[in-house]
Structures are given as C-alpha cells and as structure tokens.
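Across the two complexes that follow, subunit A remains constant while its partner is subunit B and subsequently subunit C.
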Partner chain A sequence: MNKHPSPLWTHLTSENRMTGTWRSALPNYQNQPSPCLGACPVHGHIAEWIKQVKDGDVYGAWVTLTENNPFPAIAGRICHHPCESACNRQHMDETVGICSLERFVGDTALAEGWQFSAPPTQETSVAVIGGGPAGLSAAYQLRRRGFRVALYETKDELGGLMRFGIPAYRLARSVLDGEINRITAMGVDLHLGVPAVDGAALETLQNSHDAVFLATGASLPKRLPALDYANPWVVDSADFLAAPVSEQTDRTGARVIVIGGGSAAMDVARSARRLGRSVTVLALEPEGRLPAQRIEVEEAVEEGVNFVHGAMMKSAEALGSGVVLNCVRVDFEPGDAPGAFSVEPLDGSDFELMADTIIPAIGQDADLARWSGVLDAKGPVVATGRDWQTSKPGLYAGGDVASMNRFVTQAVGMGKEAATAIAAALTPGDARPPANGAAQVAYDRINIAYHDTHGRNRQRNTEIEARLATFDEVQQPLGPNEARSEAARCFSCGTCIYCDNCYFYCPDMAITKLENGYVVNSDYCKGCGLCVAECPTGSIHMREDTSS
Partner chain B sequence: MEMTKYRDNGQFCSGHVACAGCAEALSMRVILNAVGEDTVGVVAPSCTAVILGGHPMSSAKIPVLHGTLESAAASASGVKRALKAQGRDDTTVLCLAGDGGTYDIGLQALSSAAERNEDILYVCFDNEGYMNTGGQKSSSTPHMATTGSTPLGKATHKKNLIEILAAHRIPYIATASPSHLSDLAAKVEKAKSIRGTKVIIVLIPCLPGWGVADNAAVKTARLAVEAGAFPLLEIEDGVHYSLTVAEKTRPIDAYLAEQKRYRRLSDEDRAALQSEVDDAWSRLLARAGKDLNA
Partner chain C sequence: MNAPLFTEDLKLLNGNHAVAWGVCLAEPDVAPVYPITPQTPILEKLIDFESRGACQIELLTPESEHSAMAAAIAASATGARVFTATSSQGLLLMHELLHYASGARTPIVLFNVNRTPAAPWGFWPDQIDSLSQRDTGWVQLYSESPQESLDSVIQAFRIAEAVNLPVMVNHDAFYVSHSVEPVSIPDAGMVRDFLPRIPREIQLGDGTGRSLGAPIDQAAWNLTRREMDAAMKRVENVSEQAGSEWERLTGRPSAPLEFYRCEDAEIVYVTMGSMSGTVREVVDLLRESGVPAGLLKVRLFRPLPVQALRHALAGTSCAIVLDRNYSPGTGGVLHQELKAGLFGMENPPRVHGMLAGVGGVNVPVGSIAKLAADCRNAEQTAEPVWVE
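Coming up: the complex of A and B.
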C-alpha cells in the first residue's frame, strides 16, 4: 500500500486507486511517416535529419541523410523537392526549405571531408551498367552492404546526366566530383570509356556477376519530325549541354531558339544567355504550365530569356544568313502519363520567328534497340516488375532506362530500391524490414500552438549581371545560423522531439519519461487524450483499449 | 510559444478521481509541486475537495484541512496563525476553492482575510459555475453561457473578482491558465515568496459543465487567453497591472465554438460577446498602460 507521508487520519495516497479501469483508449507512441517522407523519391527520413541540424549535429544529419541518398549536396541544389510541396507547414505559413537544408548538410560534409565507411568486400559481385545517378546510387548502396561492385560507363567520367546535362551554374563541378569520388573511394571497380553494353555483353556480364543492374539512362534525343537535324543551324540539346563552353560558343549564332519547356530547355536557354546569345524559348504549354520547375523558369526570365508559350514550330528554313521558323499557336492538353500530351493547332494563328540556331530540347528516349529480343520493353522503357527486376532473372534496371519518372532524385531512389532488392536476393534469409504502413501525419495532427509563425529563410541568388558573366553557381547557400533557424521551422511531423509535453500535460501523472521516450502507466491513464492533443509533432495517437 | 516546463517532485498523486482530461487536476499538479512540501492545504467544498480527498486516501502529499464553503479563507487564516504560534511561519498555507466558494459563498471570508492581509496563498479554480453539483450558475458564470439554472443563457455579466480584489490593495493577484503551465508554476513560486494575501485565479474549462471534449480543456483555455476572454495578468499592490500575454491574437469565435454552453448563440450574440471582450481588453490595457506612465 502507498502510505501517506503525513501521520494523519487520512493515511493512504490515491495511488491505491487504479483509475486506468475507467479507460477505453490508450495513447500510443508511434513515429508515423511525415508527408515529406511520403513524397521523397529516395524515402529520406527528413524530419529526423532536420532535427539533427536543429540540434547542431550536422554530422549526424549527414549520416541519416546518406542512408538513402549519397548525394545531399547535389540533391540540395537540383532536386525538384516534392517534399516541400507536401510539407504540412505550408498550411501555417510557408513550407520548410528542405532542399536548402539538404544542401547545407551536403556542403558541410564536403567541406569537412566526411567519408563513407567501406565494409570489407564480399565475394558476391554485382555489375552496375551506367554511372549516372541511378547507377551510382545502386553502387553506393551495394558497397555499403559489402558487395563487390563493378561499374561500367561509356563516358570517360562518371555522373551521367548530372555532369553532361546539368550546367555548372546549377551544380558546381567540384560538388559533383566531391560526392561521386566519395562513392568510388568505397572501392568500386571502375570501367570507364567502355563500349555500350549490347545484348551479348549483357549475357557475359550476367555470367561473371551474381546480379546486374542496368542504368544506362535515356541517351537518344527525341526528334522533331519537322526539323532536318542535318542542317548546321540545328544543334541537339544533349550535345550542346555536354559540350565545353568553347564548343557551345562555336556552334551557336547570335539568336538562339530553344524548343521545349522542360528542365533541359531551361538549361540550354540559360547556358546560351551566358554565351551572350539572345534566347527565345518556344514551348507548347501555356504560360505557368511548363514542365520545368517554376524556379528555373523564373530565373530564366530574370536572365533575359524570352518565352513564346502555347505554340509550335511547323517548319524551319534557311533565309539569308539566318533561319525562319514557321510557327502556329496551339491548344495544349496534358495526358495522363508523365510526359504525355496532345496539341491542336489554332487556325489562322500562324507567325514567324527568326533565329540563327535552333536547339530542340524536347526530351530523351532510352535506347532499347541494342537489347531487342533480349529484354522485354514496356512502351519506351525496359519492362521491370516488382523490385526493378527485368524479364531476365538477376538483371535489374532503374533510372531513365526503366521509367518515365525522369528527375535526378527519382533515379537515385530507383537505384536504392533496386540495390536493396538485389541485396535481399543475394543474401538468403535476409528479411527486408517491413514497410511502415502507418498513415501519414496530416496537418490537423500538429498542435500549432507550439510553432511560432516564421517565414522561410531563403537562399539568395547572385545578382543577374554577375550570373550572365560566368557559369558560377546562382544559388547561394544558407549560413549556419540561417540553417539552424530554418531547421527549427520543421514541425517534425510524426517524429517525436522529446519535448515532454505529453508528460507535462497529463493530469494523472500516468506518463513516465525514459532515457529516449515515454511509457504510459496503464494503471492510472484515464484515456483523456490530452497528451495527444498537446503533442506538437503528431507522434502519439489514441488506440482503442479493450483490455479492461 | 515556449515549450512547457515545470518541476514535478511527486506532490500530487495518480489515482485521484478527477474526470479524465480535467484541467483542474492538471493545474493542481503544477501548483502542488510549485508550492512545495512545506505547505498546509485548506480546501473548500468543491471539485478540489473531491480530487484531493476520498478518505482514507489523499492525492496530495501535504496535509489538507477540509473546511466549509463559506469559510475557506478564514480557516486558512487560522491555520496560518496557528503555524506561526508554533514557530512555523515559513510554512505556506495554500487555500484552494472553486468559484462558488470564492465569488459567491466564500467572498465575505476572502474579503476579510484580504483586508487583514493574512499571509495565505489563495487559489481559485474558476470553472465559472457550480459544476460539482450538476452545473448551476455562479456569479462567475459569463454572460450568455447556459448552465443548469440558466438554460437560456445567463442574462447578467461575470462578476469582476479581479477588480474587487485589486480594491483590497493586496500584494499579489494573478490569473493563470492550464494552457500556460510554466507561467502558472512561475506565478505560484512568485506568490509564495511574497508575504500577505496572494490570490491566483486559474481558468478551468469544465469538460461536462462547459460541454468540452475530453482532450480539449487545454485547447479551450488557450483559446480563451488568445481571444482575450481570459487575460493572463498580474496585479501588484492592487494598482500595478501587467499583462503576461500582451496581445489578443484571435476573435472569440473559436473559443465559443469549442463549448456546448454557447451553442445557442446567434451571430448577434457572438458579436455582442466580442464587443464585451474588446471593451474589457481596452480597459485592461488602459490600466496596464497607466502603470507604465506612472
């Protein structure tokens, strides 16, 4: 019996009364997925690493981040950040600048020279074909698990689209090299400048390795039927972006017309502006609906790129020293699948544009012809089933060659998923952890009384004039204090921050603090739910209790 | 808003019989721990008496004297004087009563104790009615709130006890809310350090009495503070006013909507209540401002 300390008539404490019997529901601590995690192509534990940034543990944040993505400095610059679009904070003031925080962590890691630990190499060996984001991500995940990795790349340098498709003003080459070198330093058997892998070579690689991951990207430019690519005034966008600046200068005239509205079109247009060219983008989509990220379009406009929206080129012909493009306005209808659309030319809306160079940037296709009869295709990509396995057992595929989801971080995510599947297949008895099937934490689960309104800490851009003079990076990073302040804006949806609110708000003293968490005393908890209501992160919920 | 923090030394025990989610039990937890072990409690008949008592058990670790409804402050004065006679002048006497025992039935005793400036810490758990006896109106019940005895809404205003107490020129008066627990603990600690009569009025949204959800007492109290319907303040020596939460950040609507006792209100009623809150708030600002200019 709990004796009362005071030697009076009343001699027991109320702890002898088990008020837990009143209860019909019990609080349950369960870290639930945040909306950002659900939206993240690499399924990164965003709330967790942002809390580490907030607490000043940048190394810890980097370790958490790189569990899923070996490229935080790269993704922090170029990711299309669907996490931010999903962020619950937008319902209060503005989304958390997750991308800028990721860059802060990635840049800190590069500056500090943090390296990945490389476990000893096992005998089991995996061939990765393609050194772009998907291939490198897979190689990294496989090496982390101790597999031997052989990486085959047709180019002389690694990086794929990140190096040959994204200009340096968006992604500094030192950053790209730094994050790639950190992966190869884990001990990857590199084969650079090899011939493209055809069906026969695929067979050979499968025989000499325990598994093969195919991530050759989408290297074939889509072609405009109305344009004769043999003309000297037509330059393919992929060739243009891959070329050194001197060659870009040689191949373009004073007036450049870029055809397309995606990221590649913006990259071409803004690169051409840096060469001093006058640039017009001709896009099928109406204004505000370009497939490129909104920020890319805004920055292109700032840099003096002209836009002709909702129109297409019908034909182009040389005229004097230049080219005339015969164009027409169109009605644009997006389709269901990514990249699908239909257009209807509008009668009597013809117009002309004058140029010296035309650079079509309307997308790339995977080159599937080399594996015809060997690999099944599904539309324009290699067919893959669950876990990214192709029609050939032991052969996996991911990235642009296997999917129409064409953002860099989506490729990184596919590389991770395929590597996880390969590892599971090659390690008998290695059960994969079950997916967290819990529902995402919605905004109404966050008690915003504990979150003060605070606008976003924005990254600054270099002055426009300075931007156009070089290919130096446009976006300037957050400083350490800004990063801490931005990290503090995170609601930490579904991830406990150990604030003790649940403990402090219990009227029944039924919650005990532990070293790293809390426990509910079911003898006394009456099931009121105050702890859940006052939780600032939505990481507790009430669960029906039928035990008593 | 700052995160919550206060000391809990186990002065209030689990197993008490307050309703699930009761903000009074929550506030009592903070107060009993802030006031410390060297305390004697004096309790008027009220929810507090039920929560603390239940012979042969007590949920408080301190000794508690259960008095009568009209005499809580007088009983506390007597206990304090007896302790002083025993040479235990440092022992705090904590008087706990509801709004019925404070605004109505115990007002004479409280007024007399305050006039004599008895060295007691008096806490009123203000749930704006006789909620323990089935929910009748008290003089603390606000305008238009329905209770068992005001089924169409109370026709008159809530008694302004704060002004009454200020008129006694006692050293310390404060209001507090279960939505601001660190502030409640700080006010108790401050009051404990002052000699003379100290009164703290804590707003207690009563779950059954106000028609508030089991998990929403704290939220309701927070809305009251944010709407300025229950301003958090301190008054020293009856004249020096200071606002703990200096801004009114939302209209009264969300506060009213959280409670079934206001569900009969028309739009005009709500507008009338809003203008009452606005008027009271400007008067309060004027008092706090006057002090700044003094």
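Coming up: the complex of A and C.
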C-alpha cells in the first residue's frame, strides 16, 4: 500500500469546490409586485399585510395597510376590488377574498381603538378642499408627513360621497365615523359648512397656504333631457341618498322606477326596497353588463328589485295619481371610456311602465363653472398633469373632480398620490421614491405544489327578510379563524415569506440566511435554478450572469 | 438466538433460500433490498427469518434498486455489515451507484440472480447483466449450485471486508435460484468465527469529523484508483485463503478456480455457473471414450486469477470457452477475458469461444460433447461461434 493517507476520507467539505465558476445565470431575490398590488387603486402592499394576518399580527397588517389607505374598514366593505380580479389564485381555485380580509383588519383596528400617530406639525401648510375620500386621504398622508392641514368642506359633516351617497346597509355610519375621526384626531384644521370655493376663494387659499389640493367631487347630477325635474314625482338620486330615511319615505310613492345601472342606481333601488316600495330599475345596458358591481346587482335581485334591461325612457307624464313612462328597447354600444357609449332605439319596441316616483341615477358631473377662466378643464373634469397638478402651479386636484374613475378607492389613491407629490414639492431635496418597475409575478411563477386547494372563506349576508326591515349592514364579517384561513390562501406573489425553501434546496449551500432575507454566495451558486423552482411565491428569478 | 433454525444439518433448499440462509448466518446489520423476479425469494426468506427473530437485520425496503444501493453505501460507510440482492434490470438501475460503492470502498455483499435484461422482456438465465458491470470495481463470484451459493455468500463477506471492496455473487436464474437441492447448513458459531468483525480504520459517525468522497483534485482521484488496484490485486490471495479455510471447516473446496479432471487434459472446457454441472457429465463421457477432457470452472471472475489460469492451462492444447452471455460486437465475455489473460503466454492453448445458452436456452450434453470433436484439431477463430 502507498504511504499517503487515502484521499477518500478527508477533512474537506464542498467549500473547496468553487462551483460558482460553472454559472451562466444567478438567482435574484426581488420583491416583485403581485398582480393585486398592480391592480390596487391605492397601490397597497396586499401580499405583505395578508401575510401579517396569516401570522396573527393584525396590528402589523393594519400598519402596513394604512400606509396607503386610511380606510381599511370602509374599503373592506365597498371597494370594487380590482385586486381580486387580478389575483393569481383564481387560476388554481378561487381568488383570495382580499376585500373581506381588509374589512377584518379595519374592523379589528376600530374595535381595538388603534390610532394613527402624527409627527409634530410643521409650519408648511396645505389646504385641502373637500372632505370626501380623496380630500381625507390627502389630509391623512400630509399629516403623516408633518404638514399643517386645513380642510374645507361645504357640508357640516365629513365623508363626502361615502356619507351622502352610500347607504348605511353597505357602510355602517359608526365605521365611517370611526375611520374619519381617526384622521381628524391627527390634528386637522377643520372648516365645515363653508361656502363652495370659487375662483376668488381658490386664489385666497393659495396665498395663505403653501399648496392646495382640490377634491370637491362630482356634485352636479346629470339630467335626463326627456324628464322635467320640476315634477313632484321626480326625485334626484343624490338628494334621495343624502336624505334621512323619513324624508326618503315622504318623497317616494309605492311604485319607484330608478333610471340607471351603476352603483348609485343600485343604492337607490335597494334603499327604496327598504322603505317598502316596489322598485324597477330601467337600464340602457343589456343584462349582465351593468356598470354596477355584479354582487350589488345580485343582492338587489335578492331583495326583490325588478330589472328592465336594454331600454330607455323617451318621456314621462302624469296619469291619474301616477306616472306613465314611455319606453323603447335600445341597442347599446359601450365606448372606450367610462360614460362614453351610444344607444340606438329599436323601432317598434315601445312599451310603457307605470310608476309613482322616478329617481334618475345616471351619474354626476363635476361643477367646473365656478372656476371658469381660472382652471383649465379636460372634458368634464379639471385638467391635471403629472402628479395631479392643475394648470395653476401649487394647485393640485384629485378624486371625481379630476377623474372619470369614479370609485371611492380610486379617489383615495389619487389623494395619496397628490399628497405624495405635494410633500415632495414642498420638501427640498426630497424626490419621490421611484416606482417598482419590475414585472408583476405571473401565475406560472408560483410553485403551486406548496399551496393546497382550498375554496374561499365567504362572508355571509343577513337573511333577505331581515335586510329589508332595516338599513343595517347586509354583509357580515369573517371571524378571526376564517380570516386566518383566508389569509393562508394567499400565494404571497413576489413577496418572500422566509420559508427557507431556497436555503434548504440549494445543492451547493450557496444561500445564506440573513435576519430578514437571504443572500446568494456567488462563489458557490452554479446557477441551477432549484431555488427559483422551489420558491412558493415567485420571489426569486434567474437573471443572466455575464460577469466573468 | 438463532439456534433453533440450525438444528438440522442438511436441508432441501432452492438456490435463493440457500442464499438467505447464508446471509442469515453472516449476520449483516443492514439489508436494503428491492424485490425483483427471480431474486424475490431471497428477500422474502430474509423477511421471514427476521420476523421470526432468527436474525437481527435492519431490513429496509426502499422505492427502487437505486435507492437500495444508496442506502447500502451509506450504511456500510458507518461500519455496518451490509447485504443486498437484485437481478437484471435492478442491477442495471444500480449501475451508477455500483461505481460509487467501490469508489467509497464499502464492503457491501450483493447477491445477483443472473437474468436476461430487456428488451425483449424475459426472465431467463443469462449472465450479461452482471458481466456488463465488470468495470464497476466490484469483485465478482459465480456459483453453480444452491450449496455453493450459500458458501459463496459467506465467503464474500470475508473477502469484501478484507480488502474493503464490494463483492457481487451471482447464480443463474431458475437453474440455480429455483432448483431444490440438499444443502448443508454450517454451524452458526463456526460462521461467526469465520467472519470476525473487523473494525474499520475510519467510518462515518466515528467522531473524527471527516468527509467521505468530498471533491478532490485530479491527482488525488487518480490515487484512489491506484489504491483500488492494489486492493483488487489482493483479492485472489484473500479468496484463496478464505476458500482453503472454508474447505478445512466444511470439507467443501471453494478455491477461485475449480478443476475437474484437468490433469493431462488435452481439451479443457472453461465456463461459469450452472453450465458447469452439465460439462462435468460431458467430461466423464469423453473420458470414457478416451478423449482427455477436463473442466475449469471460474468462480472468481473479477479479478480473474490470471496466473492460476495460465498455470492450469499450460500443456493444454485446446480451451473451449462456454459463455452464457453475449456482448454485442465482440461475443462471449469470458472468452475475451481468457484471451486477454493468456496474452503473451508461451505455448498457449488454442481458445475457442462458444456462445452457449445465451438467453437461457438449454445446452444439452450432446452439443457440448460435439464441441470437443469440432475443436480438437481446428484452428481457433477470433469470431465467436453460436452453439446450436
């Protein structure tokens, strides 16, 4: 035998093999945007806060959520949730119930009395005109950054459309008040019941503040030319929804016809059903194509609302104690933008409907006339450029007054973006953080072997009879266990959950765990991609490594 | 503990059950085995023994032969005595790890039942499955009978543990594996003395914190093969000694090469496995008719005992190799090996390569006897001849 020790048994480890030299690609940890984040009007870090819910850290989830949206309890009830439409989980079984989880977090925060903290108020001051979702969102974001905020609202209460347009059975007033009071508690200089701000008042406010954010909403009802609004049997939908129940009762007869197919029309129709009225919705759109959310239409049907689709009213006239509506079927062609459509009456399809009250709910316009010659308009809204700045420097605008994307959370998102832009403009040297330009994580990046098939935990609705008896909330919340279970369904697309799969599967032990993540040791990573394949969340991807 | 099973000296056993008896007596610590026809009775009998408390083997049943061999290597590296068994496709599935086992110097004993590999599918006795593994660094033994299989598997542990190389023992499907013969069961205490536990110099888990088979440079890898070469060179002596001692203990000769009536033989048949029994009858018949024939049975095929072969065949004019295997493109594997082994010999015998019994076809006495007449004065050819 030879005199050398056998090289079979050594004190070597694989550390002496620099397998990194074999590599042509290197894994890259990148918190890529999830599809829900991309779709979210407030750009909320949904995957992140859902993971916190899953981990039982509801407070942490609330903190994460409220970075972008101070209204989780409100949004969790009424958001049109485009996040769920984008959710990757739909390709496996059903989308994650993001909205119901948001409500769970928001309700928990209200129940626990969690409050926002605000830094000391600076001298720099911003005026916010309008106390609806866009204005309140901007005020919140500005106060978080320490700016002095003066808020001007024509009504005596804050909330805008959330208070005066959305019925309590969809959004309990205690929830609305709770989330608004939490913002004003940050120290907002409130001016309620002030006159509408005209061009001259704008000028004054600009002179007394470092910036102004205009968020007066869309307060003018669109009018049907064929209807004489002076008739006692015509009630404007915005007035109806803003009125107390007693007044709603006084102003409606037994048979109500609601004209329109959007959310406001559903709110009117379902409110009228709660007054005991017989309700018919007359909509231009064919069945299944109404602009209202599908769930709103379904719940309206459950509550006994009748629908006449694909038709329009040509005229209405009093007949005896009631009204007769002369209607015709139409061919409906949707347009490219919201509100842009065309209709073609179909010859010989005339019919009549009988009613006691007609409530048109065909949309609202922004009142731009008061700023005529002061602010540029772009079509029906105030013209804004990048960062929501209007034609007047230092004057920003957002929400329904500046956009046709007329959803509450869109307004919240615009308020946030405008506030961020204002803060950047008023803070020398403070650039806006660059947007995460990475591609969204597609479904095929998720390793579904790590996710069990599990149907969605659904919120329950109150029984139909009970619903019609009151204006109490219809939708019941998820319980804590259901919320945890629903949160566990989230794929956490593009958001590392620190599962250690990459660490364990790496055949070269090239991955080191850090306190808050992982790092790849390029001396050993040979670029096999196992870590990427075994990542349950698509948080790692391979990129070509051209380094020598 | 196992005394009640060994009260009878002679038992009627088929080849596979004889192997299981031998394994049981050798007392391995671990046996990862995956079933396959025609090996399965070995596994079944071992399970039977184990379940009755006749032996204390950690029997593992992994999901494939590849995993069985992986488990065998790891177990052996910890210093455990390890047995496994397989056949044909199973052995071929183990191929990658056969190299690993020898490279890691794990003294595993594997029993292989020689069976035709697919395609086409078959279950017939043919030795190409194990012969095609001849370059994997395993010692190879071939057995003719149930008794020899029992004896060989015990000797295999002795050889393996003396040189730290794995040993594969083979017998032919059905002709041996399923044929019942009287088998003498050795005394358990005697076997224990024959197979003393040799402490390994280094083993996994011995607290020295060493790596087995970590990546090394070219020169160091080269050195491992030189070490294996030195170990292989010791195998002939070690098996010779093991065979002598076994003969002293049991009265059964167990040398690497077995000779039958080879003294002054002009014609010597060379073969392995079950064919040997038929050839023994042929030799007797030829001798009766005045033809000086003999049989050289190769038990130790790898490493082939070259010097002993050359010595045995000196003075013989005609060697007829009977190969129950076929290596496409060359012919019989034993034929090749013998030609190579005799290379450079002064006055070597003519070597006639006969493909006899490939695929398990019957090779009757008459066919083999006729070869003596055909080859006695014929020129040897490089090409193999298919025996009808």
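In this section, the second predicted complex is superposed on the first by the 534 of 548 C-alpha atoms of A that agree within 3 Å, B and C clash if a C-alpha of one lies under 4 Å from a C-alpha of the other, contacts with A are read in each partner's own complex, and residues count from 1 in each chain.
Here, contacts are C-beta pairs under 8 Å (C-beta built on N, C-alpha and C of every residue); 3 or more make two chains touch, one makes a residue touch a chain.
This structure is a prediction, so every number in the text was calculated from the model and none was measured.
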_Quick check for you: in the superposed arrangement, does A:185 touch first (subunit B), second (subunit C), both or neither?_
neither
*asked:* Contact-wise, after the overlay, does A:16 reach subunit B, subunit C, both or neither (first, second, both, neither)?
replied: both
*asked:* Quick check on the superposed pair: does A:254 touch subunit B, subunit C, both, or neither? Answer first, second, both or neither.
replied: neither
*Applying the touch criterion given at the start, work out whether A:530 contacts subunit B, subunit C, both or neither, answering first, second, both or neither.*
first
*Report for A:340: first if it touches subunit B alone, second if subunit C alone, otherwise both or neither.*
neither
*In this superposed model, does subunit C or subunit B come into contact with more residues of subunit A?*
B
_If I apply the document's touch criterion, which positions on subunit A are contacted by subunit B in one structure and by subunit C in the other?_
2, 4, 6, 8-14, 16-17
*So in the complex, which bits of subunit A are touching subunit C?*
1-2, 4, 6-14, 16-17
*asked:* Taking the touch rule as given, give the residues of subunit C at its contact with subunit A in the complex, in rising order.
replied: 103-105, 202, 209-216, 220-221, 223-224, 226-227, 230
*subunit B - residues contacting subunit A, complex*: 1, 3-6, 8, 10, 12-23, 25-26, 29, 53-59, 61-64, 179, 181, 214-219, 222
*Provide the residue numbers of subunit A that touch subunit B in the complex, in ascending order.*
2, 4-6, 8-19, 22-23, 449-450, 452, 499-501, 504-510, 521, 523-524, 526-530, 532-534, 536
